[in-house]
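Notes for the one structure printed next.
Chain IDs A, B and C follow the sequence of writing; residue 1 opens each chain.
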Amino acid sequence: MSLLNVSGSPHVHGRESVSRIMLDVCLALLPAILVSLLCFGWGALKVLLLSVASCMFFEWCIEKFLMKRESTLGDLSAVVTGILLGLNVPSSLPWYCIVIGSLIAIGVAKMAFGGLGNNIFNPALVGRAFLLISFPVQMTLWPKPLVTRGSLFFNGINSADVDALTGPTFLGAIKQGGVEAVSNFSIMDHFMGTVGGSIGEISALALLVGGIFLLIRKVITWHVPVAFLGSAFVFAGILYLVNPAKFIAPHYHLVVGGMMLGAIFMATDMVTSPMTAAGKLVFGAGCGLLTILIRDFGSYPEGVSFAILIMNAFVPLINRGFKPHRFGVVKEVKNAKA
Amino acid sequence: MLKTFKKGGVHPPDNKISRNAAIETFPIPEIAYIYLNQHLGAPAKAVVQKGDKVKVGDLIAEASSFMSANIHSSVSGTVEKVDEWIDASGYKVPTVIIKVEGDEWNESIDRSPELVSEIKLDKQQIVAKMKEMGIVGLGGAAFPTHVKYAIPEGKTAEYLIINGVECEPYLTSDYRLMMEHSDEIIVGIQIQMKALGTNQAFLGIENNKPEAIELLTEKASHVEGITVVPLKMKYPQGAEKQLIKAITGREVPSGRLPIDVGCVVDNVGTSYATYYAVQKNQPLFERIVTVTGYPVRKPSNFLVRTGTPISKMLEAVNPDYDNCGKVISGGPMMGKALVSLDVAVTKGTSGVLMMTKGESQRHEEQNCIRCGKCLDACPMGLEPYLIASYSKLQNWDKVEEAHVMDCIECGSCQFTCPSFRPLVDYIRVGKRTVGQIIRSRNIKK
Amino acid sequence: MSILIYAVVALTLIGVIAAALLYFTAQKFKVEEDERIGKVAALLPGANCGGCGLAGCRNLAEAIVKRGDIDGPSCPVGGNEVMTKIASVIGVEAVAAVPKVAVVRCAGSFAAAKSKSQYDGIQSCAYANSLFSGESGCRYGCLGCGDCTRACKFDAISIDKTTGLPVVDDEKCTGCGACARACPRSIIELRNKGPKNRRVFVSCVNAEKGAVAKKNCDNACIGCGKCVKVCPFEAISLDKNHAYIDFNKCKMCRKCVEECPTGAIHAVNFPPKKVVETPQNVVNVEN
């Protein structure tokens, strides 16, 4: 008989693991990836593969040569960051932008803080924000989708690269053309995904399917997405009621731009969101509010990523403010027949 | 909708592979190692010496203080020596070592098999009997029962809550006891109710034991005041405070005892032992022990005399020693990993669990990803990740501020942690250190 | 150009006003304090190691000035040199204290004390100590999780990977005693550094009977008492089944080292050629 192993209880562990959680997120993103491949063809695939590969490469390099510790590629968090970064940029983005974005996402936003778990901001979003500010032209060149809604499920992937000729996105058009521009767009197109935009944000339906999968797998809870979308809807609704000539109707806000991607996949990132249910609600509501503020009053047409990044900074504060309710903290108990 | 406690909890696979193994009486060992600290509190003081002859049920060590319990011989024979022997804590503790000769019982013990259901003793006499017979809580912590039944002035025990939950995976000793000795348990509960002066008792059983719920509901219907409460399966439902919450909805305030909300919680095994002590005059020297785990080829439930070495019991179940990496006294969530198989059975040993090599290796610790799963799992509403990191940094003030003393060490947080962090290890270090700090502070005052 | 001038003038003005404000506030809210505290604190090493028993160097400075002498808590790190300087600051005579060094009194290496179980928990001696008696079964021996190494502010103690025991670097050790306080089994002792750093000590603290101790560890002191008999200076005493060498009486003759049947008595920093070695009687010679 071999040596007995001695350790403190508990001696068993559940099936949870970081790599399983990350794998679930990857699986949940599959529908969105599929739609993007249908719409943008090989360009989308190239961007995604390059961003995943460079994120993994940079994480490996930094751990091997700078931090001198064992590689944590196995936890798949770099893969998730890579996919999310890829989904947050247009499919026509030049390769060097993607590599730089990955370096910022992994190097600055994640490993500089000490790796997975210690980062304050969502790495993929930091990468995206950096790219948006540094390469504004390339980042707002939106290829037109290859397919229309009617043919979405029949064409398959088009082998030709998408022409760099682009149309404006919904939010961009509103910013420039005012509320009247709404009539040029179909909300159904946005729901299905046959519109221009960042690779992963186009199809609200595909993202919702992924979100439901994450809920079933208990990787996310309903609090952040619901609070996010809910507060955005309510706030946009109030603005719409006040001045319908200046602001668009709230239901548009929910399906266009990066709202769904942000609410379901970016804001729910475990590392950079609060821990308790109450904290998550506050966090989500803040994200929604800031998003609408930026969209309706800011100079950028889209505000999801900045809203989430700003709220990320508040997470430590929210965690302090919203502690779980402790067992046994009750009003003085009436002693039975004391 | 079945009752359960609201906050936290986890669902480990219950793995009750020994659930259908009927209780077998385990042969008396050749040498019995009877520890003098089989209970919470001060070790008992030996009243026998080397060379003394003892019979089964003879007092061999008496309670040394209020918080202590009598210890009786589980075998008949000659005291070989009063020495030290390794116990489940991994240390040597004072032990009476008896060489077994025959099986001669003390004459005062009623060995007839008839059920005695008439309770002749009054309240004080019952508690005195519990003390005399060395009854302790058989759920695991081995809290001296007579201390628990000494209700402080000004408090009343409204409800007696009997713990038949057995929420630890693998263990089936309480389940087999309920299935095979329900009559004794019912009488035992009545005795305990009389000792507390209450007329309401609840017997909580989780719904993974439907046969036991059915059987005991039927038995309890013949007597007054005992209600069987089926509970929804969730770990750690067997923890005192969680069980009270699940059954009565009352919440024991932080740092207080169950009696502060009018409840007394006891294990079913304790009811069974109380029946024998009060009705049959039999001291507590044997108990049901589950021997189980995947390396064990014949998972069993044994009626074992205290002092039987665990190695003897393992031999009887024919385990695959080569595939065994860890042996645990108790269940997998709160049990203690044994250093040596020479450790003997005590009053508090509810099970012996063998784990395969694969199960017994811990995964490598990763960074905390702040998923908050430990917060969701904690039945006490604490923040395990925070306490553990403060404890690792030895920031004891912060550890105390995070209410480490409320932790019941149930292990739910570590069980659920996706980063495989040894949270409970760190929390225990913190709890121990903060406990010392608080004690020395109180002394200064 | 005029913009430049405005900017320079405005910034200068702001600077002057802020400086004046700061000066008057500093004067107004000045805390009166014995100036010697600052002087003493400046002399102290500033590692805040806690070796003096106080929270940090500043606290020690306050304590020394408050007492008005250096007979109370003193700085083991700075040693005589620093304490003499401090004495002159507060105006008293300094008495030389003997320099000390941490000594690990356990020789239960992996080879000598075979593992009988395998610890799989956090690297904390305090925790391992609460869990079991140790992998070798010796309940007095080193657990090897390195609480002492983490307590050391001077990087002077480290765990030797081949033996699993802590090793003290004489050069770096300041004798502050942080490791000794961190050890849950009180294995580490502060001993006089000795002439030329030479010292003889019993490297075992177990209190179990010889046979039990020997079963757990080949290098254990079995309390046979041979060293007590052989010592010409009556420096060795036997208590709780193990020997202890009084460093004030020990004259470093090393007769006990040769006599010890288990090699539990260590002599360090002696020139190697003088040491008589038999296979049974391996002496741990450092450097």
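The rule is simple: contacts are C-beta pairs under 8 Å (C-beta built on N, C-alpha and C of every residue); 3 or more make two chains touch, one makes a residue touch a chain.
Small disclaimer: the values here were computed from a predicted structure and weren't measured.
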*Which word fits how the chains touch one another: line, ring, star, complete or other?*
complete
*asked:* Can you identify the chain nearest the overall CA centroid, using each chain's own CA centroid?
replied: B
_Averaged-CA centre spacing for the pair chain B and chain A, given as whole angstrom_ = 48
*Hey, how far is the Cα centre of chain B from the one of chain C, in Å?*
43
*Averaged over CA atoms, how far is the centre of chain A from the centre of chain C? Could you give it in whole Å?*
52
*Do you know which chain C residues sit against two or more other chains?*
116-117, 120-121, 127, 131-132
*Going through chain A residue by residue, note those that touch at least 2 other chains and give them in order.*
4-8
*Got the chain B residues that touch at least 2 other chains?*
90, 337, 339-340, 360-362, 422, 425, 428
*In the complex with chain A, residue positions of chain C that touch it*: 115-121, 127, 131-132, 135
*Quick one: which bits of chain B touch chain A in the complex? Just the residue numbers, please.*
7-8, 10, 12, 90, 154-156, 158, 169, 241, 245, 250-256, 260-262, 321-322, 324-328, 330, 332-341, 353, 355, 357, 359-363, 366-373, 375, 378-383, 403, 406, 409, 411, 414-420, 422, 424-425, 428
*For chain C, which residues count as touching chain B in their complex?*
116-117, 120-122, 124, 126-127, 130-133, 137, 139
*asked:* With touch defined as at the start, can you tell me which chain A residues reach chain C in the complex?
replied: 3-8
*Complex contact set, residues of chain B against chain C*: 86, 89-92, 337, 339-340, 360-362, 422, 425-426, 428-429, 432-433
